[in-house]
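Just passing along the structure, written as structure tokens.
Every chain is named by a letter (A, B, C and D) in the order it is written, and numbering of its residues begins at 1.
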Amino acid sequence: MMMNSMKTANFRSAISAFAFLTSFALLPLAGCGSDKPTAPAATAADSIKIVSSLPRTGSANAQTTSMVNGIKMAIAETNGKIGDTTISYEDWDDASAQKGNWDPTVEAQNADKAIADEAVMAYVGTYNSGAAKISMPKLNAAGMVMVSPANTAPNLTKAGFGEPNEPAVYRPSGKINYFRVVPTDDVQGAVAADYAKELGATKVFVLDDREVYGKGVSGVFQKHAKEIGLEIVGTDGIDTKASNYKSLITKIKQTGADLVYFGGTTQTNAGQIAKDMVAGGLKAKLIVPDGCYEKAFIEAAGAEALEDRCFITFGGVAAKSLTGKGRDFYLAYLKTYTSEPEGYAVYGYEAAKVVISAMQRIHAAGGTITRASVLAEVGKTKDYTGALGTWSFDANGDTTNRTMSVNTVRNGEFVMVKVVN
Amino acid sequence: MSALLEVQNIVAGYGSIEVLHQVSLEVHEGEIVTLIGGNGAGKSTSLMCISGIVPLRGGEIRFAGERISGVGEGIRADKLVGRGLVQVPEGRRIFPRMTVLENLMMGAYGRDDKAGIAADLEKVYALFDILKARSSQLGGTLSGGEQQMLAIGRAILSKPRLLMMDEPSMGIAPILVSKIFAAVRELNRGGLTILLVEQNARAALKLARRGYVLETGRVTLTDDASKLLVDPRVREAYLGDG
Amino acid sequence: MTNTEVFLQQLIYGLSNGMIIALVALGYTMVYGIVELINFAHGDVFTLGGFLTLTIVGVLGAAAIIEPGALGESSHWLLLLGLVIAAGVFCGGLNLAINRIVYKPLRSAPKLTQLVAAIGVSFILVNIALFWGGAPMKVFGGGNAAAASKDFPEILEGSNLLGDSSNVVLRLEDIAIFAVTIPLMIGLTLFVKKTRLGRGMRATAQNPIAAKLMGIDTDRVIAATFLIGGFLGGAASVMWSVYNNTISFQMGFRAGMDAFTAAVLGGIGSLPGAMVGGVLIGLIRAMSDQYIETRWTNVVVFGVLILILIFRPSGLLGLKQREKV
Amino acid sequence: MAAATSRFSLFSKGQLVVLGLLASTPLIDVAMPTLRLSAPMRTVVTSAIIALGLNIVVGWTGLLNLGIAAFAALGAYAFGILTCEIYPFQVGFWWGVLLAGAVGAFAGWLLGAPTLRLRGDYLAIVTLGFGEIVQDGLKNLEAITKGTQGINPLPAPSLPGIEFSSETPVRWFYAYLAILAVVVFLCRNLEFSRLGRQWFAVREDELAARCMGIQPDKAKLKAFAIGAALAAVGGALIASQLSSTGEPANYDFQMSILALCIVIVGGIGSITGVMVGAIVMVGLNNVVLPIATQSLQNAGIGSTQNVLTSPDNYKFLLFGLALVLMMRYRPDGIIHSGKAVRK
């Protein structure tokens, strides 16, 4: 009897297992229609979408909000139409609540979502260079244009800065789909090193935040600093969650450094470093890259800690120093959002603008707006006159705009001290 | 004269397991009553019910004429101590990281009468002189027998009207067991009512006036201790005379 | 700087940072000792203490902070004392409320259920701190920059007590940390040893059932533990803010992790253990930053922790064996 | 009893239901394309595998592990180093996953051997510390791990005649689901094996287990190694899905915490429960919260003007609130195995 019931159970479960496995095998077939959702319709859609993927939850929120505002302005200028086609914008978050920071699974998901949504024609993002590495190959394979308003790691587009397989690894289709409107760190790191020399520094201590961006830009800085004859007295990577860096500052003090370079951002604790340099009695100057070019940096460090002693390099010039269309943008931003734009707001605006104007050109020429046509047209951007001046995309997809500025802080405000072209 | 403690048809258990099925017993002022039974018979659970730690599922408990617990209600454990219902729990449960003196003073946690506490402390020291010698030592460093003395002493400082003791002889060297039992007798002579739970049935029955036999959650036998000592059923099951 | 000067300097920093960690660790260890709950939200209660402190400083404004002696010679110390009390009471109350609303109903649930609830509370508090950071006050910067770290004004004079020419920097804030934490620790020790409630806490921690049998109202004792642990966390948040001159809505994460580590290192449940563990972690961090590399400091801290626990499985001051309840 | 009758089946009814539910999500996508569930589904699967590994340690053996992400990280990096074109090995997807599991098991054994005799919460902090050590180690040992740059590209699953790529997310998802089914099958067999019974015995009462002739340290070590191996497999699958190991910081304490929440919320000790937990938690994190904020934005509710008016800024609050409420009203988890200890 016992044997019997066991056998029955056994048999029943074998059937259920079989049913399960069969459904397993069949479902992919059933789902076939949805398995290849990627081929966008060749005909004009009645509505098109631009999406952005930026970290909206957590500490980068201040900077990304400003970028999203910029993108929204660019969309608003079209009155929501390109020809008869409605254009809309969605602000996607690539951070998750559980992480409070960009989350690779969410970034991957955003890319997949964009690819699957036939209305999406362009992907504006990412903020973190590490996140770009996740979504770039996906979007490349799908032939969707991606314009980053903030990634500056050179190895995303240029050979010789990272692994031998970079940047080819991000371009599985062999074509270029990734563009950026912001100058890369090979320019920025060198400008910073030159400026360090100009400040009279001889002994430099190089810090980084051990993230893709910070590590990259400090690497370029270090390389160029050596080339122009500065002595590197030490390097270290900080713990971005530490409560303070007083011990590290003491160590730097012992080396006799007269300048500290920190490759990192406000979110990776640049403010605390500036502050602890003062508290620890280290009289060296401090240079930081564009990840610190935001009000939040001044807020975190406290204006006094930065006053004429901290220098911030930035790709481009301060929003209020922009001229031409840039000036128009600045004034419009002030009017719409009643606050000063952050440094990256204009890049958000320009990134969206470059995509929109490509669409407008297609429309004007009587073409259909498809992913392929938008991608091709964005790539053709040449001598484009926008908020950042007149510039083109080069063969790598990078902007030819190499204007960098060096800024400092006076009376709690960023002040431009030098413009380098 | 009504009983000091009346336990009427109590039912209790843990999770889905019922441990006590309608247990009743009483303890009168001034007597030593013992509760004997095998492992898992429900002796400790009975005491935990009386102390208000384990909630009742049936029946009620009265102490000094007042109902102290019933189903879904009752006076909280910590309040019962103030009324003189004090337990020396199984396995001693002394505070290992407090000194002997601190442990004793924990017994007097709810008391404010300094003079009374001092007098009771002297009483404890008179009963167990070793505690005085070890008063500044950590409780955790005492031997098992010493810890048992400490636990009893601690209970005395709670100024009990009814002292419930759970297996005071467990895991203790025989020489100390007789010392502890002697102390129990002395406390009773001083007028303290005692409910003693024991596996060592012979010693317990010799000490007690009356006894209850608990088997798998039921009281199966109750009588004067002297009669239980000679009862064949008890002799066979608990006194090893089978 | 000579090697001796460097060592002295790192000793100062290590001790100062360590004392703050120790204060937070006390809150962990007390709560753990009594309800065996790793109170994940403790670090975030601490964060909110920092935000309250900055709010008070902002409301009082420049007069209280910058003008020396606005309230007489010792005005800065009075302000500091006031902040410690205010943040302490606030965090203590908050901790008490969390215990009442979230943990108490779960007391008989599995320990891990309580742990996950504590994680949930932690997320909620982080979000409250984020919102608070957007408060329309000048000190907070306001509006969009809510997520940014906030500059905490110097309320103690920042000059070097050893003179400007000295290579070693000793500032008033280093002294202040000791001036605040040591009396608090002594006070706590006395409280736990000498008062009735304190003894009730120790008894409940060592054996909750026996404690009940001694007539101790353990619910009240648990509530008091959350209150006091929260108070110490609040005091720590003031010292953290004054010492680092920054607060941020995520500052409780590392503070909490360090403090939890310190509590375990010292022997969880043991008050002196938490203090020793906290100071030790502060010192290891400072020395590793100096003599190894900052990038390896976390590895060193946790490596030392693991080694110590391998050889002393109950932490430095923990009892060899805990009675099974 | 249930054990006796279903002992020889591949899956229990509950497991079959959940696996079937997962298998049918692409159909939901066909029906409601705006939800786009297929994108996060692989994350549900990888999270479930990691959480199943954790469940062996926490749920079955009663050891609190707060550093499971470390093993996922080691799995991801082992997979990366073994399969990426910039390294000499290039063993391919399947060998990569298997060897990643082996690396995880070895790491679990290495950590466990000296530390498993520690009492509950001391072990918890050791695992937490190990998580930090692995993360920083991977970051700092740039010569081997490429530091923060991450290792890419990494291979997708491969089967003769079937192509897997980012254009075929559904197919890829089914490959992962098949791996999950294998993991569930393994776990289920472990649960009813001699070893499984040893784990339960150790969890309930170590002393009693010892009296029954079980060596608790050995049983614990096996749990630790097997749990670590599963977490490492999960990590390898994440890396394959992203075609990159990502940054070491991606495998942080938060990831360990999420895995723990999955186990507890779903129902500690229950395989079905853990899978449900993964659906609920990943669903909350990767689907519900993004869709909720997105819909608010699309509806024109909220603005970026102020921290309080931006829906994104409520995510921490909602995530935390969900955890607290689930624990309040389902303290034993969604699927109560009835076996978990209340300790």
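Following the convention adopted for this analysis, contacts are C-beta pairs under 8 Å (C-beta built on N, C-alpha and C of every residue); 3 or more make two chains touch, one makes a residue touch a chain.
Since the model is a prediction, treat every value here as computed from it, not as a measurement.
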Quick check for the class: compute each chain's Cα centroid; which one is farthest from the centroid of subunit A? B
A-D or A-C, whichever has more C-beta pairs in contact: A-D
How far is the middle of subunit A from the middle of subunit D, if each middle is the mean of its Cα atoms, in Å? 29
Please tell me the distance, in whole Å, between the geometric centres of subunit A and subunit C computed from their C-alpha atoms. 36
From the mean C-alpha coordinate of subunit B to that of subunit C, what's the distance rounded to whole Å? 43
Per the centroid of Cα atoms for each chain, what is the distance between subunit C and subunit D, given in Å? 32
Residue ranges of subunit B touching at least 2 other chains are none
What residues in subunit C touch two or more of the other chains? 123, 126, 143-144, 146-147, 295, 298
Where subunit D touches two or more other chains, by residue: 139-140, 257, 304-305, 307, 313, 315-316, 319
Chain-to-chain touches, reported pairwise for every pair that qualifies: A-C, A-D, B-C, C-D
For a test of understanding, state which residues of subunit C touch subunit B in their complex under the given definition. 196, 199-200, 202-203, 206-207, 209-218, 319, 323
In the complex, subunit C residues that touch subunit A: 1, 6, 9-10, 13-14, 17, 20, 123, 126, 141, 143-151, 153, 158, 160, 167, 169, 171, 240, 243-246, 248-251, 253-255, 285-287, 289-290, 293-295, 297-298
Which subunit A residues qualify as touching subunit C in the complex? 58-62, 65-66, 97, 100, 210, 236-239, 241-248, 250-251, 253-254, 266, 269, 271-272, 275, 278-281, 294-297, 299-303, 339
Can you list the residues on subunit B that touch subunit C in the complex? 51-53, 76-82, 86-87, 89, 93-98, 102, 105-107, 109-110, 140, 154, 158
For subunit D, which residues count as touching subunit C in their complex? 58, 64, 114-115, 117-119, 121-122, 124-126, 128-130, 132-133, 136-137, 139-140, 253, 257, 260-261, 264-265, 268, 304-308, 313-317, 319-324, 327-328, 331-332, 340-343
